[in-house]
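Here the chain labels run A, B, C, D, E and F in written order, and each chain numbers its own residues starting at 1.
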């Protein structure tokens, strides 16, 4: 959270600089099957964010050190392309990416039926090709669709979205400027069928009341995003949406 | 060895700036069993040096590449905490620490009865939490007590201490200022029962006569330190000291 | 290729600054068996270039990950000693060296009868001790002789040499100054018996005609270098050359 | 960190205890382990703390360095938190580059402190555009019997509250205490045997599911959250532990204030 | 990159196809796969391209940074090309430090561009001895079904031809298009079943022998060559593919010019 | 370095030889192997030496760089010694990051030179606070048949004694010889078959126990000691080899002086 400066991020009529209402999402487009050599894949365009996720496996888990007798290992990587942001990112080890990869893996492990594939590994690769704000949510959403495309059994899909606070007002799905000048960010990973959470982070400063409002915004938006995910899979597999 | 400048490190009456005689040790306190999750451990406070050592094992040696058919492998690490010195040390690869880890391992291998545990590994972890001067001796002493606490069979304990030379005078157990302005440092690892050596380094400039004096100081001090080590173990196990 | 500046690199009579004709090699000396502990080795002095190559193996290939059921693995390293050039090279990871190691390995794999040693490994170590220009050719030539010295069956030797272009004229075997001010460099790895190529790189700017001339210079020089290689082996093994 | 095999037996045992509302070491569901805090045990650090929670023991050490402010923030100093879980801390911690576990530990503790705004980075400026203080918090685990997160966060805030800016050593004025505007405190809850417990020990961590880390500031505001590990939870479960965290924060705040040195 | 086992069956099959002058996917010996090029798909990059050749998909992104010129070349900027083959690109690409394959890829594409002189490093100078532009081309593979070399080289040159120097953002003048003096294009030939084919796909790469990469400039000049992998070839074979490359370059040049944006 | 299995047979054999006061290659207990030293074999280095002791062959190369003096020592240059045992040197040396063996080698040779004070770091200063010479000694093993320590130390001191400061190339004056105030020389003793021998070869190293490295200066002063490997020794044993080292140093000193170039 940048959180400093007095830049005004809201119009007088309560709308946002990009014209959205406080509880309105950016435009989201999802396409399935975009990495021909992978077992499953998805492209998510979310505002100017662009994420591509691919799934390989299940395959034999090696080295043996990482193999588990009783279940499958999810090997999840989150990476930002060097040209995905204004100031180029050097390739290589990156603590932020490692942490996001870990919490993304934890979220997906909560829905993938790992016990079906003992001693196996499923690789989930998330590449952020263009970044605006909320890339971890965009990446987790893309990974969830790619797993479905790969036919990996899951108890539910994971829908991910963030809310935050700017100029004292709670808003849904911050864009880059809002994120830069915002006071808080609350990204969540939600199971649309059960309403349970499998991913949760938060940074910044939220009073109990603001916190509840941001939470509720995310819960509401999850349904909307879930429909787009289902439609993208249906478009590929000809199911009804 | 700093070895430059004309700073006076001795008082006119032959005592040192901290009041010690030339052949007097700093204050040493040893406590056993300070790492509850380890198989053996020791804390050594030596002047303002603070070292904590822990022992894990014997356990199966893996990866197989390091395993030995005929004996146990001692895996020794020496590390200085980032905040243990005036100018913070960056975590990570460090040639000095690697070398001290190696010579410490060589010293301990000379007393641990490695042949009793073929294909096994014993891990010895030495952390310097606060450093004054002589940390390699403090760490080796702590490791030796931790191994005893873990019940690892040894032919003898290793007692480690250094002497050096400041302003032309040979002195025992240099403190930080003496080390900074000293001309030489001779750390040794001594077996108190046999009088043999298992660790020896030296840096600086010592004439044959000064060298012998420093050697004798160390030999004498080893007895004194050994008593403190034995007392610490007895305090935990109720044996007689 | 430096390729800029108007420095004159040729004399008015068509000879080069070091007195050579355009199609004349620098002086080459080869000695076999210079690394006593290796299975085969060679030292090549080529102008002021000095390369030493050693071969170890065939030996068991491990880790198993790299082992191949049907053939031997060639593990080739190319390295420049820190003091081999005017500005010291830091030891450690180096993209240029890694690439040269790879193309050198590819060249040697084309002649070594790898199928004779399944599940095995042959190590080829090339050290550039002093560098002028053309070190990759010097190293590949040294490695080829070292493999022969080790008695590794090969379908042919690899002879390596480069031509280039300076001040608009195609010349053979550029020295350091010529390389610095040259417009192009065409190193090749040639099998003297069949005339086939197993190594080819090129950088710079060559018209189709110049390209052909450089190609032909290399082909011609390969015969000459091959004789020196054979003589060096004969000198050690007493065969006729 | 190497991954130990979790015996199904342990998970079964923890579930049975949970059904009787018991814990493996006899504690209540929201009860912490015995807690010891030592202030400034490290003479070379500018601020330090040792925290023991049951058999978990950690140190935090604060060091200061002079930095050149970033060109887009010429009047600000910096803050860095680094967690190094060295293999002394337990059988399963291995040497080598930082593991994902230690990266997450360092970053979650860092965010709790950073996002609370307790350190005013503007006050760390010495000479705009030229010199500012960088605060470095190093977290060092000695014995890991579970819940390193809370132990590190508590050690870090105690070390910061008792740290002195070494201005004389760097020749930029007189030594003075580091000022903190609030006191962020982390409380972690781990799902063990199907329900969330506070301050899980090593055995509970091994046989448990997801955990949630909550960092709260002075005024009940939330500054940082993190859900770790595999598992799903409901809004009701979250509300329950958020309430527990608010209560526990007050208790820990009293402890921290009682430790103050002058 | 992990090394997959190559079934002898595949090599046999490719050899039989070759004897009938056929290819595994029905193409002619010198025929490329269907080609799609998208210009500037990445909003944050200063120039970018997406290239699809059959099931091979790659991106190139151009970024600019301000650098201090090297002291021995005070009036020159710099150029850097980096290929990162992340594990998304295929089953055999592994995470970790750059593999030899990706190092070779980056360096061969880099040399083709650098040695053609298409970027005049003197024009990258902003203030001699103090400020110059550094051009960074990052190559990113999304799906590897063979011939990443040509896909990367094509994406790189298209991204460069459509790149804008972000002078306003760095406060050094007005934004302007990067000027290129020529258009180096790479054509790669792979020996499959005993003869060289153009634009090998993944299966052909797996069962093939050596490959040769040829980069040609506007005037028929050769700027870069690289022979990769195990295998020997004759002068005649080389002359054959060099001729094919000259013809193919003209076709690709027309495509590249047709994409120009303004 | 990979650890070869030591056959008990070898240790038994070495012990039997020792009991007859013999060595595996027929030498006396304190006798060195045939020694060859070549001065300045490397044209690009500012000073260099090649040392052959039996089948052990090493090079040392000296390079100079311009450094900015450290702020707390504005009138001093620097010295760095780096040992890189690349896999060319023998079957058991492996590629990768520096092994503990090579770190110890570099540091022990470095200390012998540094602590003798033979290089006066004050004389390396060119312009106080701004420019000073950094001396870099790179040690490079070509063939390891035991006792790299002594071979490296001898090559290093010969390379230094024959090194020229390249002042003209750096535009800071005229080239001149590096001045050394004394000549530290290392002698290493290895316990083989129960007694210490001088200049152990590879087989003796493999079947031996601890080793002791002694660096002596011109005046009989001790500058550096290091005990390596597993094993214990008595004060009497140490006095014995210290005496031997003093005698051997004189012989080696004569050799070094006889090599001087002008």
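As a convention for this text, a contact is a pair of C-beta atoms (placed from the backbone, for glycine too) under 8 Å apart; a residue touches a chain by one contact, two chains touch by 3 or more.
Computed from a predicted model, the values in this text were never measured in an experiment.
Asker: What is the set of chains touching both subunit A and subunit B?
Answerer: D
Asker: Return the chains shared as contacts by subunit A and subunit C, ordered by label.
Answerer: For subunit A paired with subunit C, the chains in contact with each are E, in label order.
Asker: Average the CA atoms of each chain to get its centre, and name the chain whose centre is farthest from that of subunit B.
Answerer: So the chain farthest away from subunit B turns out to be E.
Asker: Computing the C-alpha centre of each chain, which chain sits at the greatest distance from subunit C?
Answerer: It is D.
Asker: When the centre of a chain is set as the mean of its C-alpha atoms, what distance in Å lies between subunit B and subunit D?
Answerer: 32
Asker: Just the number, please: Cα centre separation of subunit D and subunit F in whole Å.
Answerer: So the centroids are 48 Å from each other.
Asker: Just how far, in Å, is the C-alpha centre of subunit C from the one of subunit B?
Answerer: 51
Asker: Quick check: what residues of subunit E touch more than one other chain, meaning two or more?
Answerer: There are none in subunit E.
Asker: State the ordered list of ring chains, commencing at subunit A and continuing via subunit D.
Answerer: Following the touches around from subunit A to subunit D and onward: A, D, B, F, C, E.
Asker: State the interface residues of subunit E toward subunit C in the complex, per the touch definition above.
Answerer: Against subunit C, subunit E makes touches at 2-3, 5, 8, 97-98, 100, 103-104, 106-107, 111, 115-117, 210, 212, 217, 219-235, 238.
Asker: Residues of subunit B touching subunit F in their complex?
Answerer: Listed in rising order, the residues of subunit B that touch subunit F are 1, 3, 65-66, 68-69, 93, 95-96, 98-99, 101-103, 106, 109-111, 186, 191, 194-208, 211, 215, 219.
Asker: Under the touch definition given earlier, write down the residues of subunit C that touch subunit F in their complex.
Answerer: Per the stated touch rule, the residues are 34-38, 48, 50, 52-54, 56, 59, 77, 79, 81-86, 88, 91, 123, 125-127, 129-131.
Asker: Which stretch or stretches of subunit E touch subunit A in the complex?
Answerer: 41-45, 48, 55, 57, 59, 61-63, 65, 82, 84, 86-91, 95, 136, 138, 140, 142-145, 169, 202
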